[in-house]
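Naming follows writing order (A, B, C and D), and every chain is counted from residue 1.
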Amino acid sequence: MAGFSPKDPDWRARCEDSFARQALMSTMGAGIDRLQPGQCTLSLAHRPDLCQQHGYLHAGTTMALADTAAGYAAFSLMPKGASVLTTELKINLLNPAAGERLEAVAEVVKPGRTLSVVKADVYGIQGGKRGHVATVLATMMCLADTPDDKGR
Amino acid sequence: MAGFSPKDPDWRARCEDSFARQALMSTMGAGIDRLQPGQCTLSLAHRPDLCQQHGYLHAGTTMALADTAAGYAAFSLMPKGASVLTTELKINLLNPAAGERLEAVAEVVKPGRTLSVVKADVYGIQGGKRGHVATVLATMMCLADTPDDKGR
Amino acid sequence: MAGFSPKDPDWRARCEDSFARQALMSTMGAGIDRLQPGQCTLSLAHRPDLCQQHGYLHAGTTMALADTAAGYAAFSLMPKGASVLTTELKINLLNPAAGERLEAVAEVVKPGRTLSVVKADVYGIQGGKRGHVATVLATMMCLADTPDDKGR
Amino acid sequence: MAGFSPKDPDWRARCEDSFARQALMSTMGAGIDRLQPGQCTLSLAHRPDLCQQHGYLHAGTTMALADTAAGYAAFSLMPKGASVLTTELKINLLNPAAGERLEAVAEVVKPGRTLSVVKADVYGIQGGKRGHVATVLATMMCLADTPDDKGR
(Lines give C-alpha, C1' and ligand atoms only; values in the text may rest on other atoms or scores of the structure.)
Protein backbone atom coordinates (compact mmCIF):
# COMPACT_ATOMS: atom_id res chain seq x y z
CA MET A 1 0.00 0.00 0.00
CA ALA A 2 1.24 3.45 -0.88
CA GLY A 3 1.81 5.74 2.08
CA PHE A 4 -0.72 8.42 2.93
CA SER A 5 0.12 12.07 3.48
CA PRO A 6 -1.58 13.60 6.50
CA LYS A 7 -3.22 17.00 5.94
CA ASP A 8 -2.63 18.09 9.52
CA PRO A 9 1.00 18.17 10.73
CA ASP A 10 -0.27 17.59 14.25
CA TRP A 11 -2.20 14.47 13.26
CA ARG A 12 -0.43 12.25 15.79
CA ALA A 13 -1.06 14.41 18.85
CA ARG A 14 -4.63 14.98 17.68
CA CYS A 15 -5.25 11.21 17.47
CA GLU A 16 -3.59 10.49 20.80
CA ASP A 17 -5.52 13.25 22.57
CA SER A 18 -8.81 12.05 21.13
CA PHE A 19 -8.08 8.41 22.01
CA ALA A 20 -7.28 9.42 25.59
CA ARG A 21 -10.81 10.80 25.87
CA GLN A 22 -12.44 7.53 24.71
CA ALA A 23 -13.69 6.32 28.07
CA LEU A 24 -14.75 2.91 26.76
CA MET A 25 -11.18 2.25 25.63
CA SER A 26 -9.90 2.98 29.16
CA THR A 27 -12.66 0.79 30.58
CA MET A 28 -11.48 -2.03 28.33
CA GLY A 29 -7.79 -1.39 29.03
CA ALA A 30 -7.03 -0.71 25.37
CA GLY A 31 -4.00 1.25 24.20
CA ILE A 32 -2.40 2.49 21.00
CA ASP A 33 0.39 0.22 19.78
CA ARG A 34 1.15 1.97 16.52
CA LEU A 35 -0.08 5.02 14.67
CA GLN A 36 0.89 5.96 11.13
CA PRO A 37 -0.91 8.14 8.61
CA GLY A 38 -3.88 5.99 7.53
CA GLN A 39 -3.01 3.15 9.91
CA CYS A 40 -3.74 2.38 13.55
CA THR A 41 -3.04 -0.65 15.73
CA LEU A 42 -4.74 -0.98 19.12
CA SER A 43 -4.58 -3.81 21.62
CA LEU A 44 -5.95 -4.91 24.96
CA ALA A 45 -5.20 -7.71 27.40
CA HIS A 46 -7.65 -10.58 27.92
CA ARG A 47 -9.76 -9.91 30.99
CA PRO A 48 -12.61 -12.04 32.33
CA ASP A 49 -14.93 -9.04 32.55
CA LEU A 50 -14.73 -8.51 28.77
CA CYS A 51 -15.77 -12.07 27.91
CA GLN A 52 -18.86 -13.92 26.74
CA GLN A 53 -20.41 -17.06 28.16
CA HIS A 54 -17.65 -19.43 26.98
CA GLY A 55 -14.69 -17.49 28.35
CA TYR A 56 -13.56 -15.96 25.06
CA LEU A 57 -13.51 -12.20 24.61
CA HIS A 58 -17.02 -11.05 23.70
CA ALA A 59 -17.72 -10.17 20.06
CA GLY A 60 -18.66 -6.73 21.42
CA THR A 61 -15.12 -6.31 22.74
CA THR A 62 -13.72 -7.29 19.35
CA MET A 63 -16.10 -4.90 17.59
CA ALA A 64 -15.28 -2.00 19.92
CA LEU A 65 -11.53 -2.43 19.43
CA ALA A 66 -11.81 -2.83 15.64
CA ASP A 67 -14.18 0.13 15.30
CA THR A 68 -11.86 2.37 17.29
CA ALA A 69 -8.75 1.31 15.37
CA ALA A 70 -10.61 1.94 12.10
CA GLY A 71 -11.75 5.33 13.34
CA TYR A 72 -8.23 6.52 14.18
CA ALA A 73 -6.78 5.16 10.94
CA ALA A 74 -9.23 7.47 9.15
CA PHE A 75 -8.95 10.34 11.65
CA SER A 76 -5.17 10.52 11.14
CA LEU A 77 -5.79 11.73 7.58
CA MET A 78 -8.51 14.25 8.40
CA PRO A 79 -7.90 17.98 8.57
CA LYS A 80 -7.42 19.96 11.77
CA GLY A 81 -10.67 20.60 13.60
CA ALA A 82 -12.51 17.64 12.09
CA SER A 83 -14.44 15.00 14.00
CA VAL A 84 -14.70 11.37 12.97
CA LEU A 85 -17.85 9.29 13.07
CA THR A 86 -18.47 5.64 12.21
CA THR A 87 -21.32 5.51 9.72
CA GLU A 88 -21.33 1.74 9.24
CA LEU A 89 -19.23 -1.29 10.06
CA LYS A 90 -19.31 -4.92 8.93
CA ILE A 91 -17.44 -7.62 10.78
CA ASN A 92 -16.89 -11.28 9.96
CA LEU A 93 -15.87 -13.29 13.00
CA LEU A 94 -13.47 -16.03 11.93
CA ASN A 95 -12.22 -17.74 15.08
CA PRO A 96 -12.85 -17.47 18.82
CA ALA A 97 -11.13 -14.45 20.40
CA ALA A 98 -8.65 -16.58 22.29
CA GLY A 99 -5.23 -15.58 23.60
CA GLU A 100 -3.74 -13.32 26.22
CA ARG A 101 -4.01 -10.25 23.99
CA LEU A 102 -6.35 -8.93 21.30
CA GLU A 103 -4.93 -6.72 18.56
CA ALA A 104 -6.80 -4.70 15.93
CA VAL A 105 -4.86 -3.52 12.89
CA ALA A 106 -6.69 -0.95 10.75
CA GLU A 107 -5.73 0.64 7.46
CA VAL A 108 -7.51 3.12 5.23
CA VAL A 109 -8.54 1.59 1.90
CA LYS A 110 -9.75 4.83 0.39
CA PRO A 111 -9.56 8.21 2.06
CA GLY A 112 -12.15 10.76 1.04
CA ARG A 113 -13.10 14.31 1.78
CA THR A 114 -16.36 13.14 3.38
CA LEU A 115 -16.19 9.34 3.63
CA SER A 116 -13.21 7.07 4.21
CA VAL A 117 -13.38 3.31 3.77
CA VAL A 118 -11.22 1.41 6.23
CA LYS A 119 -10.40 -2.27 6.67
CA ALA A 120 -9.29 -3.86 9.92
CA ASP A 121 -8.17 -7.28 11.06
CA VAL A 122 -8.30 -8.51 14.62
CA TYR A 123 -5.86 -11.07 15.99
CA GLY A 124 -5.71 -13.08 19.19
CA ILE A 125 -2.14 -13.37 20.42
CA GLN A 126 -0.86 -16.18 22.63
CA GLY A 127 2.89 -16.19 23.06
CA GLY A 128 4.30 -15.86 19.56
CA LYS A 129 1.17 -17.27 17.91
CA ARG A 130 -1.41 -15.05 16.18
CA GLY A 131 -4.89 -16.28 15.36
CA HIS A 132 -7.12 -14.40 12.92
CA VAL A 133 -10.18 -13.48 14.98
CA ALA A 134 -12.08 -11.15 12.68
CA THR A 135 -12.01 -9.04 9.54
CA VAL A 136 -13.79 -5.71 9.20
CA LEU A 137 -14.88 -3.19 6.54
CA ALA A 138 -16.13 0.18 7.78
CA THR A 139 -16.99 3.66 6.61
CA MET A 140 -15.85 6.67 8.61
CA MET A 141 -17.26 10.14 8.07
CA CYS A 142 -15.40 13.40 8.46
CA LEU A 143 -17.45 16.13 10.13
CA ALA A 144 -16.14 19.63 9.71
CA ASP A 145 -16.33 20.61 13.34
CA THR A 146 -19.57 19.54 14.96
CA PRO A 147 -19.38 16.20 16.69
CA ASP A 148 -23.12 15.80 16.91
CA ASP A 149 -23.83 16.94 13.39
CA LYS A 150 -27.14 15.51 12.21
CA GLY A 151 -26.25 16.04 8.56
CA ARG A 152 -24.39 12.78 8.23
CA MET B 1 -44.35 -11.14 11.86
CA ALA B 2 -45.67 -14.59 12.60
CA GLY B 3 -44.70 -15.97 15.98
CA PHE B 4 -41.89 -18.50 16.25
CA SER B 5 -42.19 -21.84 18.01
CA PRO B 6 -39.25 -22.69 20.24
CA LYS B 7 -37.82 -26.21 19.88
CA ASP B 8 -36.71 -26.32 23.49
CA PRO B 9 -39.45 -25.90 26.15
CA ASP B 10 -36.77 -24.53 28.49
CA TRP B 11 -35.68 -21.86 26.01
CA ARG B 12 -36.27 -18.99 28.42
CA ALA B 13 -34.25 -20.36 31.33
CA ARG B 14 -31.52 -21.42 28.90
CA CYS B 15 -31.28 -17.86 27.49
CA GLU B 16 -31.35 -16.24 30.93
CA ASP B 17 -28.67 -18.58 32.29
CA SER B 18 -26.44 -17.97 29.32
CA PHE B 19 -26.92 -14.19 29.48
CA ALA B 20 -26.01 -14.22 33.17
CA ARG B 21 -22.64 -15.70 32.20
CA GLN B 22 -21.88 -12.92 29.67
CA ALA B 23 -19.37 -10.99 31.72
CA LEU B 24 -19.18 -8.08 29.26
CA MET B 25 -22.92 -7.52 29.69
CA SER B 26 -22.46 -7.26 33.49
CA THR B 27 -19.51 -4.95 32.97
CA MET B 28 -21.72 -2.72 30.85
CA GLY B 29 -24.68 -2.95 33.22
CA ALA B 30 -26.94 -4.49 30.58
CA GLY B 31 -30.03 -6.48 31.37
CA ILE B 32 -32.80 -8.39 29.63
CA ASP B 33 -35.98 -6.33 29.24
CA ARG B 34 -37.99 -8.78 27.20
CA LEU B 35 -37.51 -12.26 25.81
CA GLN B 36 -39.88 -13.99 23.43
CA PRO B 37 -39.25 -16.83 20.99
CA GLY B 38 -37.19 -15.20 18.23
CA GLN B 39 -37.10 -11.81 19.95
CA CYS B 40 -34.90 -10.20 22.58
CA THR B 41 -34.73 -6.69 24.01
CA LEU B 42 -31.75 -5.63 26.11
CA SER B 43 -30.94 -2.26 27.63
CA LEU B 44 -28.31 -0.45 29.64
CA ALA B 45 -28.07 2.90 31.39
CA HIS B 46 -25.84 5.66 30.05
CA ARG B 47 -22.56 5.65 31.95
CA PRO B 48 -19.54 7.88 31.31
CA ASP B 49 -17.19 4.90 31.24
CA LEU B 50 -19.00 3.45 28.18
CA CYS B 51 -18.64 6.62 26.09
CA GLN B 52 -16.49 7.92 23.28
CA GLN B 53 -14.67 11.25 23.03
CA HIS B 54 -17.81 13.41 22.64
CA GLY B 55 -19.76 12.05 25.61
CA TYR B 56 -22.12 9.81 23.65
CA LEU B 57 -22.14 6.07 24.22
CA HIS B 58 -19.31 4.53 22.18
CA ALA B 59 -20.22 2.72 18.94
CA GLY B 60 -18.58 -0.31 20.56
CA THR B 61 -21.16 -0.19 23.35
CA THR B 62 -23.96 0.01 20.80
CA MET B 63 -22.47 -2.88 18.83
CA ALA B 64 -21.99 -5.05 21.93
CA LEU B 65 -25.60 -4.54 23.05
CA ALA B 66 -27.04 -5.12 19.55
CA ASP B 67 -24.89 -8.20 18.95
CA THR B 68 -25.96 -9.74 22.24
CA ALA B 69 -29.65 -9.01 21.69
CA ALA B 70 -29.39 -10.54 18.21
CA GLY B 71 -27.62 -13.59 19.63
CA TYR B 72 -30.34 -14.32 22.19
CA ALA B 73 -33.14 -13.72 19.69
CA ALA B 74 -31.60 -16.54 17.64
CA PHE B 75 -30.59 -18.68 20.63
CA SER B 76 -34.19 -18.74 21.89
CA LEU B 77 -35.12 -20.85 18.85
CA MET B 78 -32.16 -23.24 18.98
CA PRO B 79 -32.42 -26.77 20.34
CA LYS B 80 -31.34 -27.86 23.80
CA GLY B 81 -27.58 -28.22 24.11
CA ALA B 82 -26.77 -25.84 21.25
CA SER B 83 -24.37 -22.92 21.39
CA VAL B 84 -24.80 -19.68 19.48
CA LEU B 85 -22.05 -17.83 17.67
CA THR B 86 -22.08 -14.54 15.75
CA THR B 87 -20.63 -15.21 12.31
CA GLU B 88 -21.06 -11.68 10.97
CA LEU B 89 -22.74 -8.42 11.84
CA LYS B 90 -23.39 -5.21 9.93
CA ILE B 91 -24.41 -2.02 11.68
CA ASN B 92 -25.47 1.35 10.31
CA LEU B 93 -25.18 4.11 12.88
CA LEU B 94 -27.96 6.65 12.33
CA ASN B 95 -27.80 9.14 15.19
CA PRO B 96 -25.58 9.77 18.21
CA ALA B 97 -26.24 7.32 21.06
CA ALA B 98 -27.76 10.00 23.27
CA GLY B 99 -30.18 9.56 26.14
CA GLU B 100 -30.26 8.13 29.62
CA ARG B 101 -30.80 4.58 28.38
CA LEU B 102 -29.81 2.51 25.32
CA GLU B 103 -32.15 -0.23 24.13
CA ALA B 104 -31.51 -2.95 21.53
CA VAL B 105 -34.52 -4.73 20.05
CA ALA B 106 -33.66 -7.85 18.05
CA GLU B 107 -35.87 -10.15 16.02
CA VAL B 108 -35.12 -13.21 13.93
CA VAL B 109 -35.75 -12.62 10.22
CA LYS B 110 -35.12 -16.19 9.19
CA PRO B 111 -34.37 -19.02 11.56
CA GLY B 112 -32.35 -21.91 10.16
CA ARG B 113 -30.96 -25.23 11.26
CA THR B 114 -27.42 -23.87 10.92
CA LEU B 115 -27.70 -20.12 10.28
CA SER B 116 -30.23 -17.60 11.52
CA VAL B 117 -30.48 -14.09 10.13
CA VAL B 118 -31.46 -11.51 12.74
CA LYS B 119 -32.21 -7.80 12.56
CA ALA B 120 -31.87 -5.39 15.45
CA ASP B 121 -32.58 -1.74 16.09
CA VAL B 122 -30.97 0.34 18.78
CA TYR B 123 -32.71 3.29 20.42
CA GLY B 124 -31.56 6.03 22.73
CA ILE B 125 -34.23 6.81 25.31
CA GLN B 126 -34.59 10.15 27.09
CA GLY B 127 -37.75 10.49 29.12
CA GLY B 128 -40.53 9.37 26.79
CA LYS B 129 -38.54 10.15 23.64
CA ARG B 130 -36.86 7.43 21.58
CA GLY B 131 -34.16 8.21 19.01
CA HIS B 132 -33.12 5.67 16.39
CA VAL B 133 -29.43 5.12 17.05
CA ALA B 134 -28.58 2.17 14.80
CA THR B 135 -29.90 -0.64 12.66
CA VAL B 136 -28.26 -4.04 12.40
CA LEU B 137 -28.31 -7.20 10.26
CA ALA B 138 -26.45 -10.22 11.61
CA THR B 139 -25.98 -13.93 11.09
CA MET B 140 -25.96 -16.28 14.05
CA MET B 141 -24.72 -19.86 13.84
CA CYS B 142 -26.03 -22.81 15.80
CA LEU B 143 -23.29 -25.14 17.02
CA ALA B 144 -24.44 -28.55 18.12
CA ASP B 145 -22.61 -28.62 21.41
CA THR B 146 -19.04 -27.39 21.11
CA PRO B 147 -18.66 -23.71 21.89
CA ASP B 148 -15.22 -23.48 20.31
CA ASP B 149 -16.13 -25.48 17.21
CA LYS B 150 -13.76 -24.60 14.40
CA GLY B 151 -16.13 -25.93 11.76
CA ARG B 152 -18.17 -22.74 11.53
CA MET C 1 -43.40 4.42 9.42
CA ALA C 2 -44.13 8.12 9.17
CA GLY C 3 -44.39 9.46 5.65
CA PHE C 4 -41.54 11.40 4.13
CA SER C 5 -41.88 14.82 2.51
CA PRO C 6 -40.05 15.16 -0.78
CA LYS C 7 -37.96 18.33 -1.21
CA ASP C 8 -38.48 18.39 -4.95
CA PRO C 9 -42.09 18.62 -6.19
CA ASP C 10 -40.97 16.87 -9.39
CA TRP C 11 -39.48 13.93 -7.49
CA ARG C 12 -41.57 11.33 -9.29
CA ALA C 13 -40.74 12.41 -12.83
CA ARG C 14 -37.10 12.82 -11.82
CA CYS C 15 -36.98 9.21 -10.50
CA GLU C 16 -38.78 7.78 -13.51
CA ASP C 17 -36.53 9.63 -15.97
CA SER C 18 -33.42 8.46 -14.18
CA PHE C 19 -34.64 4.87 -13.97
CA ALA C 20 -35.38 4.87 -17.70
CA ARG C 21 -31.70 5.63 -18.29
CA GLN C 22 -30.50 2.67 -16.21
CA ALA C 23 -29.50 0.37 -19.04
CA LEU C 24 -28.88 -2.63 -16.76
CA MET C 25 -32.47 -2.44 -15.57
CA SER C 26 -33.72 -2.61 -19.18
CA THR C 27 -31.32 -5.47 -19.86
CA MET C 28 -32.82 -7.33 -16.90
CA GLY C 29 -36.40 -6.43 -17.83
CA ALA C 30 -36.98 -4.60 -14.54
CA GLY C 31 -39.69 -2.01 -14.05
CA ILE C 32 -41.04 0.32 -11.39
CA ASP C 33 -44.08 -1.11 -9.62
CA ARG C 34 -44.54 1.61 -7.02
CA LEU C 35 -42.88 4.86 -6.12
CA GLN C 36 -43.64 6.92 -3.03
CA PRO C 37 -41.50 9.47 -1.21
CA GLY C 38 -38.84 7.35 0.49
CA GLN C 39 -40.12 4.08 -0.96
CA CYS C 40 -39.59 2.19 -4.19
CA THR C 41 -40.72 -1.22 -5.41
CA LEU C 42 -39.16 -2.73 -8.52
CA SER C 43 -39.73 -6.13 -10.09
CA LEU C 44 -38.59 -8.33 -12.95
CA ALA C 45 -39.75 -11.58 -14.48
CA HIS C 46 -37.74 -14.77 -14.09
CA ARG C 47 -35.62 -15.32 -17.18
CA PRO C 48 -33.12 -18.12 -17.78
CA ASP C 49 -30.42 -15.64 -18.83
CA LEU C 50 -30.47 -14.01 -15.36
CA CYS C 51 -29.88 -17.28 -13.48
CA GLN C 52 -27.04 -19.10 -11.76
CA GLN C 53 -25.96 -22.72 -12.19
CA HIS C 54 -28.99 -24.24 -10.42
CA GLY C 55 -31.71 -22.40 -12.35
CA TYR C 56 -32.55 -19.83 -9.67
CA LEU C 57 -32.09 -16.14 -10.33
CA HIS C 58 -28.43 -15.26 -9.74
CA ALA C 59 -27.54 -13.46 -6.50
CA GLY C 60 -26.18 -10.73 -8.80
CA THR C 61 -29.66 -10.23 -10.24
CA THR C 62 -31.10 -9.99 -6.74
CA MET C 63 -28.40 -7.53 -5.70
CA ALA C 64 -28.86 -5.37 -8.80
CA LEU C 65 -32.62 -5.12 -8.27
CA ALA C 66 -32.32 -4.43 -4.54
CA ASP C 67 -29.58 -1.85 -5.02
CA THR C 68 -31.60 0.00 -7.63
CA ALA C 69 -34.79 -0.02 -5.54
CA ALA C 70 -32.79 1.28 -2.57
CA GLY C 71 -31.24 3.97 -4.72
CA TYR C 72 -34.58 5.33 -5.94
CA ALA C 73 -36.14 5.17 -2.47
CA ALA C 74 -33.36 7.55 -1.38
CA PHE C 75 -33.31 9.58 -4.61
CA SER C 76 -37.01 10.41 -4.24
CA LEU C 77 -36.16 12.51 -1.19
CA MET C 78 -33.14 14.29 -2.64
CA PRO C 79 -33.26 17.86 -3.91
CA LYS C 80 -33.55 18.87 -7.55
CA GLY C 81 -30.27 18.49 -9.43
CA ALA C 82 -28.81 15.89 -7.09
CA SER C 83 -27.29 12.58 -8.09
CA VAL C 84 -27.49 9.40 -6.06
CA LEU C 85 -24.65 6.99 -5.48
CA THR C 86 -24.52 3.69 -3.60
CA THR C 87 -21.67 3.90 -1.12
CA GLU C 88 -22.16 0.49 0.43
CA LEU C 89 -24.64 -2.35 0.51
CA LYS C 90 -25.04 -5.46 2.64
CA ILE C 91 -27.29 -8.31 1.62
CA ASN C 92 -28.30 -11.46 3.46
CA LEU C 93 -29.64 -14.13 1.13
CA LEU C 94 -32.36 -16.09 2.90
CA ASN C 95 -33.90 -18.45 0.36
CA PRO C 96 -33.33 -19.38 -3.28
CA ALA C 97 -34.64 -16.73 -5.69
CA ALA C 98 -37.44 -18.95 -6.94
CA GLY C 99 -40.71 -17.95 -8.53
CA GLU C 100 -41.95 -16.36 -11.73
CA ARG C 101 -41.23 -12.84 -10.51
CA LEU C 102 -38.67 -11.12 -8.27
CA GLU C 103 -39.73 -8.04 -6.32
CA ALA C 104 -37.54 -5.62 -4.36
CA VAL C 105 -39.25 -3.35 -1.83
CA ALA C 106 -37.05 -0.54 -0.51
CA GLU C 107 -37.71 2.06 2.15
CA VAL C 108 -35.58 4.82 3.60
CA VAL C 109 -34.69 4.19 7.25
CA LYS C 110 -33.03 7.54 7.77
CA PRO C 111 -32.79 10.28 5.19
CA GLY C 112 -29.86 12.64 5.48
CA ARG C 113 -28.46 15.68 3.76
CA THR C 114 -25.43 13.65 2.64
CA LEU C 115 -26.12 10.00 3.50
CA SER C 116 -29.38 8.08 3.54
CA VAL C 117 -29.70 4.63 5.05
CA VAL C 118 -32.16 2.39 3.22
CA LYS C 119 -33.47 -1.10 3.87
CA ALA C 120 -34.85 -3.41 1.21
CA ASP C 121 -36.43 -6.82 1.09
CA VAL C 122 -36.54 -9.05 -1.95
CA TYR C 123 -39.33 -11.54 -2.56
CA GLY C 124 -39.82 -14.35 -5.03
CA ILE C 125 -43.42 -14.50 -6.21
CA GLN C 126 -45.12 -17.63 -7.54
CA GLY C 127 -48.86 -17.27 -8.00
CA GLY C 128 -50.11 -15.71 -4.78
CA LYS C 129 -47.16 -16.99 -2.73
CA ARG C 130 -44.29 -14.75 -1.67
CA GLY C 131 -40.98 -16.16 -0.46
CA HIS C 132 -38.46 -13.97 1.35
CA VAL C 133 -35.35 -14.11 -0.81
CA ALA C 134 -33.10 -11.48 0.73
CA THR C 135 -32.83 -8.56 3.12
CA VAL C 136 -30.62 -5.56 2.51
CA LEU C 137 -29.14 -2.54 4.34
CA ALA C 138 -27.47 0.11 2.20
CA THR C 139 -26.14 3.64 2.32
CA MET C 140 -26.90 6.06 -0.48
CA MET C 141 -25.03 9.32 -0.96
CA CYS C 142 -26.44 12.55 -2.33
CA LEU C 143 -24.07 14.35 -4.69
CA ALA C 144 -24.88 17.97 -5.36
CA ASP C 145 -24.66 17.81 -9.13
CA THR C 146 -21.62 15.89 -10.27
CA PRO C 147 -22.30 12.24 -10.96
CA ASP C 148 -18.63 11.32 -10.99
CA ASP C 149 -17.73 13.31 -7.91
CA LYS C 150 -14.60 11.87 -6.36
CA GLY C 151 -15.26 13.50 -3.03
CA ARG C 152 -17.68 10.89 -1.80
CA MET D 1 -1.00 -15.47 2.01
CA ALA D 2 -0.24 -19.15 2.43
CA GLY D 3 -1.52 -21.38 -0.36
CA PHE D 4 -4.63 -23.47 0.07
CA SER D 5 -4.83 -27.20 -0.61
CA PRO D 6 -7.90 -28.26 -2.57
CA LYS D 7 -9.77 -31.29 -1.23
CA ASP D 8 -10.95 -32.32 -4.67
CA PRO D 9 -8.24 -33.05 -7.27
CA ASP D 10 -10.75 -32.09 -9.97
CA TRP D 11 -11.45 -28.69 -8.42
CA ARG D 12 -10.50 -26.75 -11.55
CA ALA D 13 -12.75 -28.63 -13.96
CA ARG D 14 -15.54 -28.55 -11.39
CA CYS D 15 -15.28 -24.73 -11.08
CA GLU D 16 -15.07 -24.21 -14.84
CA ASP D 17 -18.05 -26.48 -15.51
CA SER D 18 -20.13 -24.72 -12.89
CA PHE D 19 -19.15 -21.26 -14.14
CA ALA D 20 -20.12 -22.24 -17.68
CA ARG D 21 -23.65 -22.91 -16.39
CA GLN D 22 -23.98 -19.44 -14.80
CA ALA D 23 -26.26 -17.86 -17.36
CA LEU D 24 -26.00 -14.37 -15.88
CA MET D 25 -22.23 -14.46 -16.37
CA SER D 26 -22.72 -15.27 -20.10
CA THR D 27 -25.33 -12.53 -20.32
CA MET D 28 -22.81 -10.09 -18.89
CA GLY D 29 -19.95 -11.41 -21.05
CA ALA D 30 -17.87 -12.37 -18.01
CA GLY D 31 -15.09 -14.94 -18.14
CA ILE D 32 -12.56 -16.59 -15.85
CA ASP D 33 -9.14 -14.96 -16.03
CA ARG D 34 -7.42 -16.96 -13.32
CA LEU D 35 -8.34 -19.78 -10.98
CA GLN D 36 -6.16 -21.05 -8.15
CA PRO D 37 -7.14 -22.94 -5.01
CA GLY D 38 -8.89 -20.31 -2.89
CA GLN D 39 -8.56 -17.59 -5.53
CA CYS D 40 -10.58 -16.54 -8.55
CA THR D 41 -10.31 -13.61 -10.94
CA LEU D 42 -13.16 -12.82 -13.32
CA SER D 43 -13.54 -9.97 -15.77
CA LEU D 44 -15.94 -8.49 -18.26
CA ALA D 45 -15.77 -5.78 -20.92
CA HIS D 46 -17.59 -2.49 -20.49
CA ARG D 47 -20.89 -2.61 -22.38
CA PRO D 48 -23.56 0.11 -22.48
CA ASP D 49 -26.29 -2.39 -21.58
CA LEU D 50 -24.62 -3.11 -18.22
CA CYS D 51 -24.51 0.56 -17.16
CA GLN D 52 -26.40 2.90 -14.88
CA GLN D 53 -27.76 6.35 -15.64
CA HIS D 54 -24.37 8.09 -15.85
CA GLY D 55 -22.67 5.68 -18.24
CA TYR D 56 -20.60 3.81 -15.66
CA LEU D 57 -21.08 0.10 -15.12
CA HIS D 58 -24.04 -0.39 -12.76
CA ALA D 59 -23.31 -1.27 -9.13
CA GLY D 60 -25.37 -4.40 -9.84
CA THR D 61 -22.86 -5.44 -12.48
CA THR D 62 -20.01 -4.88 -10.05
CA MET D 63 -21.84 -6.84 -7.35
CA ALA D 64 -22.66 -9.74 -9.68
CA LEU D 65 -19.05 -10.07 -10.83
CA ALA D 66 -17.62 -9.79 -7.30
CA ASP D 67 -20.15 -12.24 -5.87
CA THR D 68 -19.36 -14.80 -8.54
CA ALA D 69 -15.60 -14.45 -8.14
CA ALA D 70 -16.00 -14.84 -4.38
CA GLY D 71 -18.19 -17.90 -4.88
CA TYR D 72 -15.64 -19.71 -7.06
CA ALA D 73 -12.73 -18.79 -4.79
CA ALA D 74 -14.61 -20.65 -2.04
CA PHE D 75 -15.96 -23.41 -4.29
CA SER D 76 -12.43 -24.34 -5.41
CA LEU D 77 -11.71 -25.57 -1.87
CA MET D 78 -14.95 -27.46 -1.36
CA PRO D 79 -15.20 -31.24 -1.61
CA LYS D 80 -16.48 -33.14 -4.63
CA GLY D 81 -20.26 -33.07 -4.90
CA ALA D 82 -20.70 -29.87 -2.88
CA SER D 83 -22.70 -26.83 -3.91
CA VAL D 84 -21.81 -23.26 -3.03
CA LEU D 85 -24.24 -20.60 -1.89
CA THR D 86 -23.72 -16.93 -1.02
CA THR D 87 -25.17 -16.37 2.43
CA GLU D 88 -24.24 -12.70 2.70
CA LEU D 89 -22.16 -10.08 0.95
CA LYS D 90 -21.05 -6.57 1.86
CA ILE D 91 -19.65 -4.21 -0.74
CA ASN D 92 -18.12 -0.76 -0.39
CA LEU D 93 -18.10 1.16 -3.64
CA LEU D 94 -14.99 3.33 -3.79
CA ASN D 95 -14.88 4.89 -7.25
CA PRO D 96 -17.06 4.90 -10.38
CA ALA D 97 -16.78 1.66 -12.39
CA ALA D 98 -14.95 3.35 -15.25
CA GLY D 99 -12.67 1.77 -17.82
CA GLU D 100 -12.86 -0.62 -20.72
CA ARG D 101 -12.77 -3.68 -18.47
CA LEU D 102 -13.97 -4.62 -14.98
CA GLU D 103 -11.99 -7.18 -13.00
CA ALA D 104 -12.93 -8.91 -9.74
CA VAL D 105 -10.16 -10.57 -7.74
CA ALA D 106 -11.39 -12.83 -4.93
CA GLU D 107 -9.47 -14.71 -2.28
CA VAL D 108 -10.59 -16.90 0.60
CA VAL D 109 -9.81 -15.33 3.98
CA LYS D 110 -10.87 -18.34 6.01
CA PRO D 111 -12.06 -21.62 4.56
CA GLY D 112 -14.42 -23.66 6.69
CA ARG D 113 -16.25 -26.94 6.57
CA THR D 114 -19.58 -25.08 6.44
CA LEU D 115 -18.80 -21.37 5.96
CA SER D 116 -15.96 -19.70 4.09
CA VAL D 117 -15.21 -16.01 4.39
CA VAL D 118 -13.96 -14.44 1.16
CA LYS D 119 -12.71 -10.99 0.27
CA ALA D 120 -12.79 -9.50 -3.20
CA ASP D 121 -11.61 -6.32 -4.86
CA VAL D 122 -12.98 -4.92 -8.08
CA TYR D 123 -10.90 -2.83 -10.45
CA GLY D 124 -11.71 -0.76 -13.51
CA ILE D 125 -9.00 -1.13 -16.14
CA GLN D 126 -8.26 1.47 -18.80
CA GLY D 127 -5.11 0.78 -20.76
CA GLY D 128 -2.46 0.00 -18.16
CA LYS D 129 -4.26 1.92 -15.42
CA ARG D 130 -6.26 0.18 -12.68
CA GLY D 131 -8.76 2.04 -10.53
CA HIS D 132 -10.07 0.54 -7.30
CA VAL D 133 -13.84 0.32 -7.83
CA ALA D 134 -15.01 -1.70 -4.85
CA THR D 135 -14.04 -3.92 -1.95
CA VAL D 136 -16.12 -6.85 -0.74
CA LEU D 137 -16.46 -9.21 2.22
CA ALA D 138 -18.73 -12.22 1.78
CA THR D 139 -19.67 -15.53 3.35
CA MET D 140 -20.08 -18.61 1.20
CA MET D 141 -21.77 -21.77 2.44
CA CYS D 142 -20.91 -25.31 1.43
CA LEU D 143 -23.95 -27.51 0.90
CA ALA D 144 -23.31 -31.21 0.87
CA ASP D 145 -25.18 -32.01 -2.30
CA THR D 146 -28.54 -30.28 -2.44
CA PRO D 147 -28.44 -26.99 -4.29
CA ASP D 148 -31.78 -25.85 -2.95
CA ASP D 149 -31.14 -26.95 0.62
CA LYS D 150 -33.31 -24.97 2.98
CA GLY D 151 -31.12 -25.77 5.96
CA ARG D 152 -28.62 -23.02 5.25
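Just so it is clear, a residue touches a chain if its C-beta (ideal position, glycine included) is under 8 Å from a C-beta of that chain, and two chains touch if they have at least 3 such contacts.
Just so you know, these numbers come straight off a predicted model, no measurement behind them.
Each of C-D and B-C has its own count of C-beta contacts, and the greater count is at C-D. One copy, chain A, sits rotated relative to the other, chain D; on C-alpha atoms the angle is 180 degrees to the nearest 5. Annotation: 28 Å between the Cα-based centres of chain B and chain C.
Taking each chain's centre as the mean of its C-alpha atoms, chain B lies 32 Å from chain D.
Between chain C and chain D, the centres computed from C-alpha atoms are 22 Å apart. Annotation for chain A: residues 87-88, 90, 92, 95, 117, 139, 150 touch two or more other chains.
Of all residues in chain D, only 18-19, 21-28, 48-54, 56, 58-61, 63-65, 67-68, 83, 85-93, 95-96, 98, 147-148, 150 touch chain C in the complex they form. Of all residues in chain C, those touching chain A in their complex are 87-88, 90, 112-115, 117, 137, 139, 141, 150-152. On chain B, the positions that touch chain C within their shared complex are 90, 92, 94-95, 109-110, 117, 119, 132, 135, 137, 139.
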